[in-house]
Every structure is written in C-alpha cells, then in structure tokens.
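You will see chain A twice below: alongside chain B first, and alongside chain C after that.
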Partner chain A sequence: MTPSVETRTSVVWDYAPAPESAEHIRLRGRYGLFLDGDFRAPADGRYVPTLNPATEEPIAEVAWAGPADVTAAIERARAAFPAWAALPALERGKYLFRIARLIQERARELAVVETLDGGKPLRESRDVDIPLAAAHFFHYAGWADKLGYGVAAREVAPLGVVGQIVPWNFPLLMAAWKLAPALACGNVAILKPAETTPLTALLLAEICAEAELPAGVVAILPGDGGAGATLVRAPGVDKIAFTGSTAVGRDIQTALAGQDVPLTLELGGKSANIVFEDAALDQAVEGIVNGIFFNQGHVCCAGSRLLIQESVRDEVIAKLWRRMGRLRVGDPLDKNTDVGAINSAEQLARIETLVAAGEEEGALRRTVACELPERGYWFAPTLFTDVSPAHRIAAEEIFGPVVSVLTFRTQAEAIEKANNSRYGLAAGIWTDKGAKAFEVASALRAGVVWQNTYNHFDPTAAFGGYKESGFGREGGPAGLRPYLRVLR
Partner chain B sequence: MIRRLPHVDRVGVEERAAQLGKRSIKATAKQQGICLAVSMLDLTTLEGADTAGKVRHLCAKAVCPAPTMPEVPSVAAVCVYSSLVAVAREALRGTGVRTASVAAGFPAGQVSLEAKLRDTDDAVQAGAEEVDMVISREAFLAGEDTRVMQEIAAVRDRAGDAHLKVILETAELGSYDHVRHASMLAMEAGADFIKTSTGKAASGATPGVCLVMLEAIRDYAERTGRIVGFKAAGGVSTSKAALQRLVLVKETLGDESLTPERVRIGASSVLNDLLLQYAKTESGRYGRAEDFSRE
Partner chain C sequence: MTRRLAVRKTYKLWIGGAFVRSESGRYDEADGVNFPRASRKDVRDAVAAARGAAAPWAARTPYNRGQILYRAAEALESRADSMRAPRDEVDACVDVLLHYAGWTDKLQPVLGGVNPVAAPFLSFSLPEPTGVVGVVAPDAPALLGLIAELAPTLAAGNVAVAIVSESEPLVGLDLAEVLGVSDVPGGVVNLLSGRRAELATALGAHRDLNAIVDAGADAELSAELDRLAAETIKRVRHGDAATSYDAAVGDALERMEAVTELKTAWHPVGA
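Here is the complex of A and B:
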C-alpha cells in the first residue's frame, strides 16, 4: 500500500467554483414604492424589471415613481418632519443604531442581493459595501445628540425635507452615506436609488420599517433620471444631495439656480495615482489594482490616471501587467472572483467607446486574455500605456476597469500633471518618504489623498471633491454640515 | 559593501496576504490542495530527545502517511539533526522521500564558521540530500551583509550536490525590508531554497513573511533567470494555514511553482490535520485525532 513517487506528479491546482448560495434570499417578485412607512403601488402603475448584469436575467419587478408619487412623498415627508425634528436627539440616534444593527443582522442577504443586482464581486459587497453601510449608520447615530460639537455651533436646526439621489456603483453604501447624516440631523429624507440597482435600497426600506422608524421620515422612490429630475424641481424640498455624473450634477445645479435650496454634489473624477521611484513597488502595484479594478472601476474616485516616475516605469508596468493576469474575472457570486460584471449594457457601451478612442489616438492597449461568460455585460481588465495627457482616455472618466499610464520625471511635474484635470476628487501617493508624502498631498487639489493605500473608506473621514468633482463633504463631522442650519 | 534596503510597506503586505487568505478552497480544490501540501512536506523532528527509533517511525509515516488512504502521496523529505541523518537515509532508501538535515549551528547560528562547515560536512557525509542552514542573524543585524553572504557561499560549497535551504529566521529580522533584503542576499549567495524559520523562534511563516519572500523569489528569477525554491516553516500547523500558503505561492509565483521541487512546508504537526481534513472530504464527517498515528 505504499504510494508511489508518481502520485506526486503535480496537477494544476485551481480553486473549485465557490459560489455563495443565493437560496436563502427571499426577494419579493415585485416591489412598490416605500412611501409613508409601507410599500405602495405607484400612481401610474408602472413596474420595471431589474436585471442581473452577470446573466441579463430579471431578478424582480420594481415600481418606478412618477411625478404624482414624488408629490405624495413630499407631502408625507412634510407631515412627518415636525415630530421627527422635535424628537429628543438621543431617541433619533436610537433609531439609527437600530438600523445599523439590522443591516449587520441581514448582512449576508444584503451582500448577495447587492451582487445579484449590481454585478460586483461578492468579496467586495460582503467585505466592503455592507459593513461600511452599517458603520455609517453607527457613526452618525453617535452624532445625533452631539450635533453642535460636530459643526462648532451653539444651536443648530435641521433643514426639513431633503431629496437624495444616489448612483448605481455602491447602491446600499451610497444610500447609507446620504440617509444616516440627514436623519441624525433631524431631517426627513426622500431617496431615489439608481435605475439599475434599486434592490438593496428597498431592503433598507424594509429595515426602516422593521426599526419602526416613524412613517414618512424616509421615503424610497426608485425610478429613472426622470424621477430624479422631478424630485429636484419639486416645490417643498429643502435640500438636494446628489452623487453621480458631472453632466447630471450640472443639470441639477442649473435647475436650482436662484433658489434657496442648498445643494451638495459628489460627481465624477479622473484621479491620479502617483507612484514615486522610492515607493514600495509591490505594494504600490496592489494599490494600483485596488485603485482601478475594485468594483470593475465603477468608482468615482478610481485611480484611473496612473502617474509613474519614469525611472521605475518599466518595472512597475511589468509587475502590474503580471498581476493583472492573476485577476479572477467572472461570476460575481463566486467568493474567489476579483472582478465582476459591468453594471449595465449602457455602461459597457460607454467603456467600449472610450477604449476605442484610446486606441485611435495611438495609446497602446493591453487587455487581459481571460475567458468571459457568454451572457451578461463584461469587460476584461485593460491597461493603456504610451498615453499622452491630451488623449481622451487621460482626461475623461471611463468608469470601467481601464487604467491609463502616464509618466513624470520630478516631484514638481507629478504635482503639475496630477492637478491638470477638470476633476479633483481623489489621489494616491506612493512613496516611502514621509516628508515627500505630506508635501505632495498639500499641493494636490483633490478632496481625498491616500498615502500608500487606495480606495480605503471610513465613516469618520470626509469625502468630496474639488472643481468638477463637486462640492460638499460626506462622512465624519464635516458630513453633518450640509444637513444643518446653524442658528447661532 | 554598502547596504541599500528595499522598500516594503508593512500595511500593504499584510492587507494583500489577508486578502489572499480569504480565498475559498472547497470540494475538489481542497482534496487536491491537501495532497499537494502533503507532497511538499518536510516532515521534521528537531528535538534533543530524538532517537533512532523515533526517526524510523517518522520515516515510515513520511513514506506512507495514511495506509487507509493510499492516494495520499508520500511527503517530500524527512528533516532531522545531522547525528540522525544516517538512520533516516537508511529508512528512506528507495522510497523517493529525501533526507534533509539542519546544519550550520542550528538554530541560533552562534558558532564559528569552522564549526558550521564541520556541521555541514557531518550532515552531507552521513547522506543528507538536503541541508537546511541558518544565516548568521548576528552578522545580518550588525549590517555585515558580506559576512552573511560569505558564510552562505562557504556552506553552499561544502554542501556539494546537496540542496541548500537557507533559513532566514524572519522573526528575528525585525522588518519586512530586512526579510526581503536577507532573501536577496541568500539567493545571490547561492541558496537553492530560502526558508522562513527554524521553528524555534516566537513566530514563523506568517502570511506576510511568506508573501515578501515569494515576491523576492519572483523578482530574483525575473532578473537572473534562476528560480529559487521556497520553504515555509514554523507556525503552519493546520490544513487551512497550509492551503493559504499554497494560495500565496499560486498567486505570486504562478501554478508552475506548485511542486515539491519549488515549494516545501516544514512542519511536524500539520500532517495529521491534513489527513483528517482529507478523510473528511471523503467521508463528509470529521474524524478523531486517534484515527492517524502520531508519527
């Protein structure tokens, strides 16, 4: 019975498929609008299926809000506002704590639904989106009875009814970023989730009901851009907060011009990730990968403009390209998947257009040769070298798994190139020298600067942009300010 | 020689290692991975109380880890002190399992170079096919890189045809910069394998240390074309830990490195956990520790 030496001959060892089970998920076949504390049918009876972008199969039907529904939601919200604002702050905080805990209790379900509806790898929804969403509610729950300290004022008051429009890239997390500070400050909120990813927001509606949040304090109205535009223009809304594209942000600001409706915008970006020659290069490569391939590059602060010091350019590109070959692209529900599906056909088309423009302009394209599923929307991780600052792929937001590499020679040139953008959302600095990191960070016109890391989020840290990346901050005490009036 | 340290970021290394630690290894991947890990084991006993009898028992276990599961392969090598090499060599004759010996003043390395070389001679003359030497941490921490390399080169020379595994004892080096630097010195000086630890220090083959050493191996191969092997030793006591080390190898060096010629796991207690886990994948239920002999 002695095993022979031959049994040791190696096999190619690969991970067996490890799909997270979706069997425990109990989605309704059809979701209404969350209005006045319960799910209700839309006035015009319109339901639209939401698709799984990895399979193009419908998951559930979701009501789309029309103008009449928006008006009704504002009425209910106005009615609910006085009691909610008058509630002792400690009590308001308790509701938020309850919501945070319920998110944690339903974390596994929320993660799977987030992945089904949006195409992001389960690894990310499980380890990033859902825990951070809960953390935001916990954080702002704690602020509810300390608002004055957060904004250095003696007396503050809520604004009233706030309209909030969130994007499809981090559906639940962005809803949490919006709702948690608004509610903590004593406002009532009407949230419009994105057209392609309404499901986790609707589960959050269930959670609000389960937490016995008073009716009307939160309304969740799925719909397309039309519903958002109606909400922005509707009378009776006291504040608008929007996260999404710069084009829509500009439209919203135009619509609100001349009105006494405060606005915060968190828009696009073309963030520079700067690798200096004295960086820990292997970790920098991990940071580059995390910066641009996290969530298929559907990240407003994605490190899509990679600036590498010329002396280490070849080494970094060689390491990056080898590392990209190890990315596991495919079934988002598989626990070993690194890069999932593109969120929608529309977004896929946008990525393809810009990548084609990059090739036409003469940049060198390299795309990982990985097997992609036949159905669904997919785009393999892509690297562009020989990119000039004048190229479209160096200036425009692609919002996909595509990184453009530029080079620089000196620190001054790095700063100049990084700042030479219409946007100013985020930046990354990779260096082992502390003084250099601080010097460069202070010179960058970007709302968030990461040093030796990228795409790290924390509810205690302010997030927001410069220039065409928007204005206003979310997260931390700075995130309270847009939802408060300072009385004295 | 002026020392120029590489840049390694601790936080980044540990995040990446932790991320790879979350790979889900199930079903056939788990069975294959366990067999692969067994085939890479250097089954080790390095105790003052080791005797010829104990070493012979260990050798029998090394050749046929689980008589009830003949599909589980033999381990790669048995590793003992040089005084017991002859016993192991005899017990392993014709089995394909190799005989390894620690040498060069193991584990502290605080003896003269002459003593280290004599130790190596003893091991090789007794029939060791693989020699696991320790580097002089004393020289390394004092910044004397040249002395570290000269010692390795001298032992390399004396070891002749035997495979030389150079133990860095990373727990005593103090930083990942040092781990990477020591890895490079050992490879430049002629190591066939670089090995994390003696198993006698406070910590061993932590995921971060393994990752840094594997990256050094990858970069050295890129530069010179010579592929140096990797041995994780110390602290790998469960199947899960062993499989996680294989994941690090797979995603840093690539599938082609997942062979006993390139990767070893040095351990004494992990084998039975691998067998228990293997049996569980077959039967669907957990067995008991007594299902397999200790040695």
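Here is the complex of A and C:
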C-alpha cells in the first residue's frame, strides 16, 4: 500500500465494537438449486462453497447449475407458465404481497446473510437493500391487476419464460428488481444469482416456497458465468434481463443477434458527481462520500468522477479528505462500520490494477491510512487528484472505493466533461440554485440525476442507463414494459 | 418552333442540409436516371452532420418540432402529384406525418410522470430522445416505408441518417426537397442512396450512432446489424415495411419508445 500523502487526523474518540448478532440466522450447510418449487441436487452434483469476503471463510455450500439444470428449469417454467399467466391478476398480486411481507418478517436475517455473503456493511443491508427489496415486491404486487394502466392503456400479455441474471453488489435487491415486475406481468422466471453472493437469493427461494408460489413459477439457479451464458443461449427463453458489466452485456447482446428475444441491460457507469461553487459544501461532502463509498463503491451508479468547480476545489478536497479519515473500515457486521469488505479477491485485484494505472499515469493518490483486518479482501478509501479526462481512472469503471477528481470552470464545461463518457447511468449535481439544477439535470446524458443527494432509489422511480450503460428501465410503470408484449 | 429541352434533375444525397454527390463519385441508375451510390465515408459524414444537429433539435420545444413535422405534411401534400409514388401512398405519407406531428407534445405526458417516492424529493421521469438514429428503409413501399420510420424518430426528438430504398431510391431522395422547405434544420434528416448492405453495416458499426431502426426486411442483414450494434450497446428495433397508414401509426408508441430514453431526476423538497 502506498503511504498516504497526508496522515490521518487522529480520531477524537474510539468506538467500542458493536457487532450485529448472527445467532438468529438459519442457514443450511448446503443449498440445492431451487427448481420446480423445491431445493434439488444439481444434475452433475457440483457444490461450491460461498465465502465470507471479510474472513475468507466458507459460509455454506451452494449447488452450481449446469446446462442440464438450465434445460430442466426452462421445461418446468414453461409448464408452469399457462396457469400462472391465467391466474386472475389480483391473485397473482397476492403472492407478491406475501413475498414482500415475508421479506419484511425475515428482514434482519436477510440483512445479516447479505452482509456475511457479500461484505457490505450491515448498516446498508439493514437500512437499504432489504427494505427496498420488500418495497419493490410491494410496489409491483399492486401493479399486477393494473397493467393496462401502466403501459399507456394498451392491451398487453406476458412474454413467457424470462431469464434473469443479477450481480453481486446488491444481491437480494437486484433479485427483487428482476422478479417482482416479471411475475406481476404474468411471466415465469429463472433467476441466476451472482457466483459470489447466492445466499439471499436462496433465502428468497425459501420465501417463495413459504408464500406457496406455484412450483415452477420461479427457479433460482446459482452458478458462475457459464450458467448465465447457458441461460442466455438456451432455446425456450422468451426474454433476457441482465444487470452487470458492460463487457458481459455486450456479449449477451451479441449472442442474441438475429433472434427475436427481447433484452434489457443495466450495465456499468462512470457517473459524474458535480459540485458547483454555490453548493452547501459540507452537505456536498457527505453526498460525495455516500456517492462513492456506499457499498465500497460496488455500485453501478457510483459517483466515481467527482467534478469540482475550480473556485472551491481546494476547500472541497480538504473537507473530503478530512471526512474520509473518519470513515470506519472493517467488520461489515459491526453496526458502526462505514466501509466493509471488497466482494471478492478477483474484484480486489481489479481495483488494485486500476489504482496502479492511476499512479502510473501521473494522478496523485491519497489513501486513508486506516488499519485493515489481516484476513479478507479490503481496500482503504482512496482519492485521486490531478486526474486528466484521458486517464484510465477517469474513464473506466473501477467499482471500488476510489474517487477521481476533475475540475471545471463554467457550467458548460461541467456539462461537457460529465457527458464525455461512453457511459450514461447517473449523475449528481450539488448547487443551491434551483434553476441551475434543473437546467444542468436536463443537459446531462444520464438515466438518473440526483440534485443535492446521491444513491437514492425507490420502486416507483425508473432506473436505467443511456449509451453504453444499457437500455430498458426498472422501477415504476416503465419497469413493466420490458416484461410485456403489446397486443394493440 | 423549337422543342423546349427539359431541365433534368441531378439526383444527390442530402447530408447536413446540403445536396451533395457521393464523395466516392460512384453512380447507379434507376428508371433511366443516375443517382449517387453513397460510400461508407458518406455514412460517416452524415452521422457527423446528424450529431451536430442532434442537441439543437432535441432542445427545440415539442410544439416547435410538431409544427415543423406538420409543415412537412403540408409540403408533401402540395407536391403529391409530382412524387414518384402512387397518389394513395403519398396521401398515407401525409397523414403519417400529420399523426406524428401531433405526438411531439404527447410523448412526455404519456411516458413520463412524477414518481411518488417514499422520501422528501420531487422525483420525476421524463422521456428524452436517444440521439442519432440510423434508419434502414425497406425497398417498398419506398416512400411510405421511409416516412413510417422517419416520422416517429423525429417526433421523439431524434435526428436520423436514413438509407432509402435500394430498388426505388429516387422518391426517397426527392423527400429531401420536401423536408428542405419545411424548416427541418440541416442535419436533422440525412438521406443516402446506394447499396443497403454496404451502407447499413457502416451505420451499424459507427460508434457515434445511438440506435438503429431497421425495416430492411433482410434477416441476414438484421442479424449482422444486431451484432454490430452490440459493440456500443446501441438500441435496435426491427420492423416490417409499413404498407398502410394503419401499419405506420398502429404501433406509434412502440416506434417512439424504441428511440427514447427515460431520465429520472431527483430534486430535494425542503432542507
């Protein structure tokens, strides 16, 4: 680790450890595939341990789906589709309401498991991931019998069997974003959770069973990229929805070329967080921290390009660096932890590679000099200044707790620099001038724009990208459209 | 008495509001008339012209864009008898332009709205144009098939680079003279004639193109366009050639949604 340019301001007081108890969670030693309404052994008998990235210790063994399992899931889904689609819409909605309620009931357990399996701070899984997942099911449950109102009064029908692939950064929440609208629209779904974070999706499988969701309506098939690739290419899948990297999204779009399989992609980003000189700077600094250090920066819409107006550059950086020194990095289960573990060794290596590239290309690196646990995957919060738009750390998605600072003089320059990206997922604007905020928001080529806040999500608000950040939306009535066929 | 010699029209491409020959100097012939066989370089020039026109066109008010599309309907009606297309096809084209002229200020209320978020924010989602759209027109009907793709693209606030019918290119090139007198700003529509497969793949591979609308009815080319589009995650819509007014407007919203992005903005309420 490179020594920091400034030493950390000493903390005035220390915190006693405040770990959340993991005693009440009910994890099995081994999970099968959730297929046809129950956990079943994979055809080739392959089980892989899932690790706690904060300790590198195994938590449970999880079955990985092979091609035969994908085929079986598609067959069972196809068999379940007619009855599910024919169910009175209100009844279909009731199942989703049940799932929402069960998520709420098991919220604390889900939060602990999410944190164990993925490394994110408990404060986030408890206050953000799990409540939003329940809210998403609740929202789309209510849409099930109102679909005609959601798509501009057109006559609609479900697509059939949808294949859904979700990432490891918000495992349960992304599963909710995928399953809730698909099921509300009358589709049946095959969900592949991410390789490193299958557990909460498997708990969701238990919840589906507990809700008495008809067998075959939801299958949950853990596995690696190979299982995802099989699902994408399998005959009998009527729609693919993917959240993940732009590189994999491109592969999927290519694989579906010439086929009549609708696709939605929610991909990477390099989102600009723009601080104007008239912003409330202390509030902005909190927003910058939330924008990039939330979930260790494992956020597709993370505010990873910080654009600061030159007149306040030094002041904002000084405040930000001071604030970064007070971030608590460590045990994700500790209720005071701000920054948890990096999700996997692979992701840690990617962060280290890009950070090294930043240093080689001449940007100035500062990394908080905090103590990191000996075991597990960790990366201390890092700030790059003197970054040029041509640097890799200004253009490529790092997906870690690393922020790159660029500056601008005028509003026009801020807009131009913010839009100078192959991505277009999100952006932040910090200003106290309302008219300016609205003007800049409309000029940014990004799917979500936050003024004086960042990383806010809601099941009623559409989320999704412009340009190479993907296409299609999740959330609100726009989130129904990818799961429906318009009949006229 | 000396017979008056007709003044023949030299058919040209329409790029950036200018009538130009193909930079390649190549020509083909249709109906005894020479017309330019555009090159890959012409495609790049047209995309560059379109990109320059995209932001100003998107920034115009929907009301203004609607009036311009209506003006195009007027201009086409007045030239109906001289277009190289059957009168009833031209009539349908006029009606299609008129239909989409009325859409420009309806798209936002239909697709957008205020999101009732569970936090103190004014959150709303609004449609915005995707940007520069490549249009692959069908061979026939040459004029209606082209306008059925162009009109929704423009109504949603996009700009277009269109490849006109390969077998009947003249009527598509004549459309430039209609749009050119309709206050359509230079570069908002660009019309290219030539070999579809050559030009469409150049469009599909262009990194500064945001979307492709393909009515070329060629399965092999469609699949190739899909593959090329994936490189920069372009939006792609494949459709059949519109053969009637009803076919061109029956799925109006789908046509416009295919070249529309939804932006969600969050503004704080209170402190």
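The rule we apply is simple: the second predicted complex is superposed on the first by the 474 of 488 C-alpha atoms of A that agree within 3 Å, B and C clash if a C-alpha of one lies under 4 Å from a C-alpha of the other, contacts with A are read in each partner's own complex, and residues count from 1 in each chain.
In this text, contacts are C-beta pairs under 8 Å (C-beta built on N, C-alpha and C of every residue); 3 or more make two chains touch, one makes a residue touch a chain.
This is a predicted model, so every value here is computed, not measured.
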item	value
Touched partner set for A:26, first chain B, second chain C, both or neither	neither
Larger contact residue set on chain A - chain B or chain C	C
Contacts of A:16 with chain B and chain C, given as first, second, both or neither	first
Partner chain(s) touched by A:281 [first = chain B, second = chain C, both, neither]	first
Which superposed partner A:326 touches (first chain B, second chain C, both, neither)	first
Which superposed partner A:432 touches (first chain B, second chain C, both, neither)	first
Partner chain(s) touched by A:336 [first = chain B, second = chain C, both, neither]	first
Touching partner for A:453 - first (chain B), second (chain C), both, neither	both
Contacts on chain A seen with chain B and repeated with chain C across the two complexes	452-453
Touching residues (chain side chain A, partner chain C) in the complex	135, 152, 154, 246, 249-251, 253-254, 256-258, 265, 267, 422, 434, 437-438, 441, 446-453, 456, 458, 460-464, 466-471, 473, 475-478, 481, 486, 488
Contacting residues of chain B [partner chain A, same complex]	6-9, 11-13, 15-16, 22-30, 32-33, 35-36, 39, 63-64, 67, 70-74, 95-96, 215, 222, 246, 250-251, 255, 258-260
Chain B contact footprint on chain A (complex, rising order)	1-5, 7-8, 10-16, 18, 123, 127, 278-284, 286-287, 318, 326, 335-336, 432, 452-453
Parts of chain C lying in touch with chain A, wherever the complex brings them together	110-111, 113, 115-119, 121, 123, 125, 130, 210, 219, 222-224, 226-227, 229-233, 235, 250-251, 253-254, 257, 261-268
